[in-house]
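Listed below are the structures to be examined.
Across the two complexes that follow, chain A remains constant while its partner is chain B and subsequently chain C.
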Partner chain A sequence: MYNGNKLSPVLKGVLVAGFLFLYLPIVSLIVYSFNASKLVTVWGGFSTRWYVSLFHNEQILSAVGLSIRIALASATAAVVLGTVAGFVLARFKRFRGSTLFAGMMTAPMVMPEVITGLSMLLLFISMQQLFGQPSERGFFTIWVGHTTLCMAYVAVVVRSRLIEIDKTLEDAAMDLGARPLKIFFVITLPLISQAIASGFLLSITLSLDDLVTTAFLSGPGSTTLPQVIFSKVRLGLNPEINALATITVLIVGIMVVAANYLMLNAQRNREKAIAAAMRENENAQAGPPSSAVSSASA
Partner chain B sequence: MNFKRFARKWLRPGRATVIAVPYFWLLVFFAVPFLIVLKISFAEQDIAIPPFTSLLNYEDGGLLHVTLNLANFQFIFGDELYADTYLSSLRVAFFTTVMCLLIGYPIAYAIARTDPARRNVLLMLVMLPFWTSFLLRVYAWMGLLKPNGIINHLLMSVGLISEPLEMFHNTFSLYLVMVYAYLPFMILPLYAHLVKMDIRLLEAANDLGARPLKAFFAITLPLSKNGIIAGSMMVFIPAVGEFVIPELVGGPDTLMIGKVLWNEFFDNNNWPMAAAVATVMVLLLIVPIGLFHRYETRELEGKNV
Partner chain C sequence: MMEAVAAAAPVQTGVQAHNTPYLQISGIFKKFGDNVAVDHVDLDIRQHEIFALLGSSGCGKSTLLRMLAGMERPTSGRIVLDGQDITHLAPYDRPINMMFQSYALFPHMSVEQNIAFGLKQDKLPKGEIESRVAEMLDLVQMRKYAHRKPYQLSGGQQQRVALARSLAKRPKLLLLDEPLGALDKKLRQQTQLELVNTLEKVGVTCIMVTHDQEEAMTMATRIGIMSEGQLLQVGTPGEIYDYPNCRFTAEFIGETNLLTGMVSVDEPDHVEIDVPELEGRIWIDHGITGPKGMQVWTSIRPEDVRLDRKPPATPGVNSARGTVVEIAYLGSYSVYHVRLPSGKVIKSMVPSSRWYEAGEEAPTWDETVYVSWRPDLPVVMTR
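Up next is the complex of A and B:
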């Protein structure tokens, strides 16, 4: 008998070792964030003093504020542009220039960030020379950079979802005379809402985390959180950063678990609804002919 | 034919608008910048704002002069240090990819073969570090690997070693953290392929008397080829230009081109040189990016290569 569903001890060991590798550094960060000693790696008793000093660190707090504002703005723009782009890739397939379009969609995901950052900066400098705008580097230039990076990820998520879903629904609406824009908002959008939501969350985390592109695009007055972290850890370990990391892991952890739970629930509900609709459909089809037969016999 | 094209062009303005919006954005903010990088790589460093010379100059008679300065490229191709740095970056990216594949494949395989109820939890556990800040995960290793770091402390207090191990700011720490940071990018595409695989193929192979190892090499491995290529490219391409990891945990002798570009730009303020370094890097990466793009597209369109 082939035993496909039971994990062999070897595979179990692989999983345990793999997850230890992935989580050991994160756990050590969390543990040592509660270290009373200023020497990050020497245990000096339990303390929450670094959390207190973190919340009094003006530089970090203002960087957090800026990063969150940039993340929300970029994720919003990336979701709009990325959804449209994903739709174009999934539904229109071939048009003039589609190869270039598809290429420009995948390249930002893998292109080393030193290249995208530098090239976008040089674009803004050239634009400034030609049109006088943007007059300085800051929120706007970072926003453009993050949006371009994130929209590629949104487009991939949305596109794969669009390929997955049943296109006959859209075709049926078209046959019934609905206009394309209406079809998109009434039929397509609800079906891909989950993909859009994950695209939005992914964009937020990508934007909040971006260091290299931001370094090229930010100006003197706009220092984001990763830039502050980078300038601090470049000088060595810093217990406040441990506290910050712990908070980050906590927030991300809650978000990922909650999103996973909600998605599983939504999927179950959808399956139930589809099953119920199928049953109804069967009953409806079975109904009329039998009554016709009975009336004929009467 | 002409009418058809005319109709397509003018009767469906909606479609054109829908395509135009993201197209225009990417053209302006992603494609055009590369041309500007190429242009500025032919300029010279200058003490001005912005710090480079213009390629176009009008002479008194209204003559347009185009000056292409090839010195940056001559320098890159003539200087051994640059050649070594490119080679070293490619080597680091290659071995990082291989190690990610060797470690990531068994993990992805094990998750894909777990029963569906637990699979979701395991996948979530892989995703969690991926969603957590990249910078903070690199930072975490600094605390572990330092001479007076957590690992050395533990080993010394247990008495396994009497002197701290040297595992920080060298090749070991560079590779360790590179593999650590890029591992999720390898596991996720591999998992996506392995989970779709028809398990009955393995059952059939087993019934026909194939040993598990043989079945793996004859069935599982070829069927996950696209996942291997996609995952490898997702690790290899960004790893070539990686800056943060060599900067924070790499050794003083670690040559990585991302770091060179950063230094040329931020420390030497030599923008034309940074542009030339970027141009050569893009040329090196065009083939892998094309490969990645091809497999991604085919995958999404449901074709098997």
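Up next is the complex of A and C:
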């Protein structure tokens, strides 16, 4: 914040306009989800009927279930593979092809999803012709596609955290008798756990709202939530979708607030503990200065 | 060879005859690409010794320490500890522990868990681990803080925890990498003594690496001077200071006046060196093992240089005339910088009581004075 430098009315106006542009559609979506009228643009009084009908819509419910299962499965796989890749990128000395490896790791992030999706589709089709597996496109193929995408993000997050961590911690653990694999699980993993957690959450959101890759990799009977929404909206605006979107916003909102609260709380406790330790040290140093030496020799 | 080493040698061999070396480093050589980091170092360490590797940054001392810890593999050479060849042993299999400069305390573990970490790797029984951790906490007086996390401790406390952790496994050899480098100066001097006390109480064999000569002189029983990957001189703090064997050591340890000259008279009982910078000679009352005409360097410590107003009895020998260009008053003594006609500046450390006792005023800037020294004090070096 600028001290004594108030925002001019023009800047304020720009700011408000920007926020309205971003959030007005979402607000109107939430408001219209409680609309009694079937027409999306006409207000017909308050009602929760779309929520009731949403929970009776088998198609949407199964899509939600599939999306959540795929998101959890891809996030899990992405965290395992991405952590290993991030560790190699951050900790291994330069090896033959390390630049190529780093480039290929991050390629899914920058590659147009249409290309990734199409090439995977072609791969799965030729695999089916050659080995008969995977026999159809569905959960498995979408899972592979999402994992590929999410893994890149996890690798980047984990790598940057690992670079921050003092490598001598791992040296010290080895010096004290721990073998490399043990060091990874007992020292490195706890220290990067926050990065892994945020990689996991990031993967879930990426997988939940991915439409393009999914469109290439899904088959009959495996329709994810974004696909359902997209196809429904193409047939005309539907108040049920508004209700679904409102629930999604609510859940995401609660998760973000909870995560922030937990992090702030942890930070506050930490600061309190540091402050307490500092006070004690000051008290200790105010005592006789020679106490430590004399008691050590005693 | 020169006199200085000849004088120092009997002391060393005398002690070593009783103690076979506990740690033997022979012909250790390490190359990083085309850079030689450690150049054929031979070093014997006795049991219960606190040995300091002293040198400026990049001299190879840290690389040598990391090779002892197993973190780096030597290009060639052998390391034998207590009869066991450990050259190619992995760090986690060596009976050696290290205290890191940054302490490297595990941030997600309490003080207690940090100290227990090494013991757990050895799969000791639980009761044994607990009693050893308690013993270590008492040793460094950190029992009160057993459940604290490292970030809740001050720098000095972290240092003590790091020490306790590296001693917990009762290593045969303890490595200390700049043990007090992360502390501020005031705390460092107090901690030096505390650390030596603890190490002596435990009786562990120690090798420490430092760039601080005061720290090395205070803490170590013997010092090894390193420069550009080579171990130049090994000796007790006294030997290193009084009998430097090369120019680097003479200038690195304490202050000195270095004079370049040529041997003009080489007799068994005395030597004369022509020094152009003095426009005179240095006369030394003992022989050196160097031929006539050889180029040598002479080191004279500032505290050995006497300052007078009157010309000395033997002008041109072990003395010179000059003018005072700089005076640093340091309380109990002053350091005078005297410029000779050749432009060479000789430093002389004069006790403040000197003038008072002589009933004179202390010399002041631009005054003409004479510097001189006793014939037994200069140290002659051939490299």
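Observations, loosely collected:
Basically, the second predicted complex is superposed on the first by the 247 of 298 C-alpha atoms of A that agree within 3 Å, B and C clash if a C-alpha of one lies under 4 Å from a C-alpha of the other, contacts with A are read in each partner's own complex, and residues count from 1 in each chain.
In this text, a residue touches a chain if its C-beta (ideal position, glycine included) is under 8 Å from a C-beta of that chain, and two chains touch if they have at least 3 such contacts.
Since we're looking at a predicted model, the values are computed, not measured.
In the superposition on chain A, contact of A:254 is made with neither chain B nor chain C. With both structures placed on the common chain, the touch criterion links A:41 to chain B but leaves chain C unconnected. Once the two complexes are overlaid on the shared chain, A:105 sits against chain B while remaining clear of chain C. When the shared chain is aligned, chain B comes close enough to touch A:241, but chain C does not. After overlaying the two complexes on the shared chain, residue contacts for A:20 are found with neither chain B nor chain C. Between chain B and chain C, B contacts the larger number of chain A residues. Contacts of A:276 after superposition on the shared chain: chain C is touched, whereas chain B is not.
In the superposed pair of complexes, A:262 makes contact with neither chain B nor chain C. Common to the chain B and chain C contact sets on chain A is no residue at all. By the touch rule above, chain A contacts chain C in their complex via residues 166, 168-169, 171-179, 182, 187, 190-191, 270, 273-274, 276-278, 281, 289, 292-293, 295-297.
Those residues of chain B lying in contact with chain A across their complex are 14-15, 18-19, 21-23, 25-34, 36-37, 40, 50, 103, 106-107, 109-111, 113-115, 120, 122, 124-129, 131-137, 139-144, 146, 148-150, 153, 180, 183-184, 199, 202-203, 206-207, 233-234, 237-238, 240-244, 247-248, 258, 261-262, 265-266, 271, 274-275, 278, 281-282, 285, 289, 292-293, 296-297, 300-302. The part of chain A that touches chain B in the complex is made up of residues 2, 4-5, 7, 11-12, 14-15, 18-19, 21-26, 28-29, 32, 39-42, 81-82, 84-85, 87-88, 90, 92, 95, 97, 100-116, 118-120, 122-123, 125-126, 129, 144-145, 147-148, 151, 155-156, 159-160, 163, 180-181, 202, 205, 208-209, 211-212, 215-216, 226, 229-230, 233-234, 236-237, 241-242, 244-245, 248-249, 252-253, 255-257, 260, 264. Across the complex, chain A is touched by residues 69-71, 91-92, 96-98, 100, 102, 104, 106-108, 117-118, 121-122, 141, 148-149, 151-154, 157, 165-166, 169, 190, 193-194, 197-198 of chain C.
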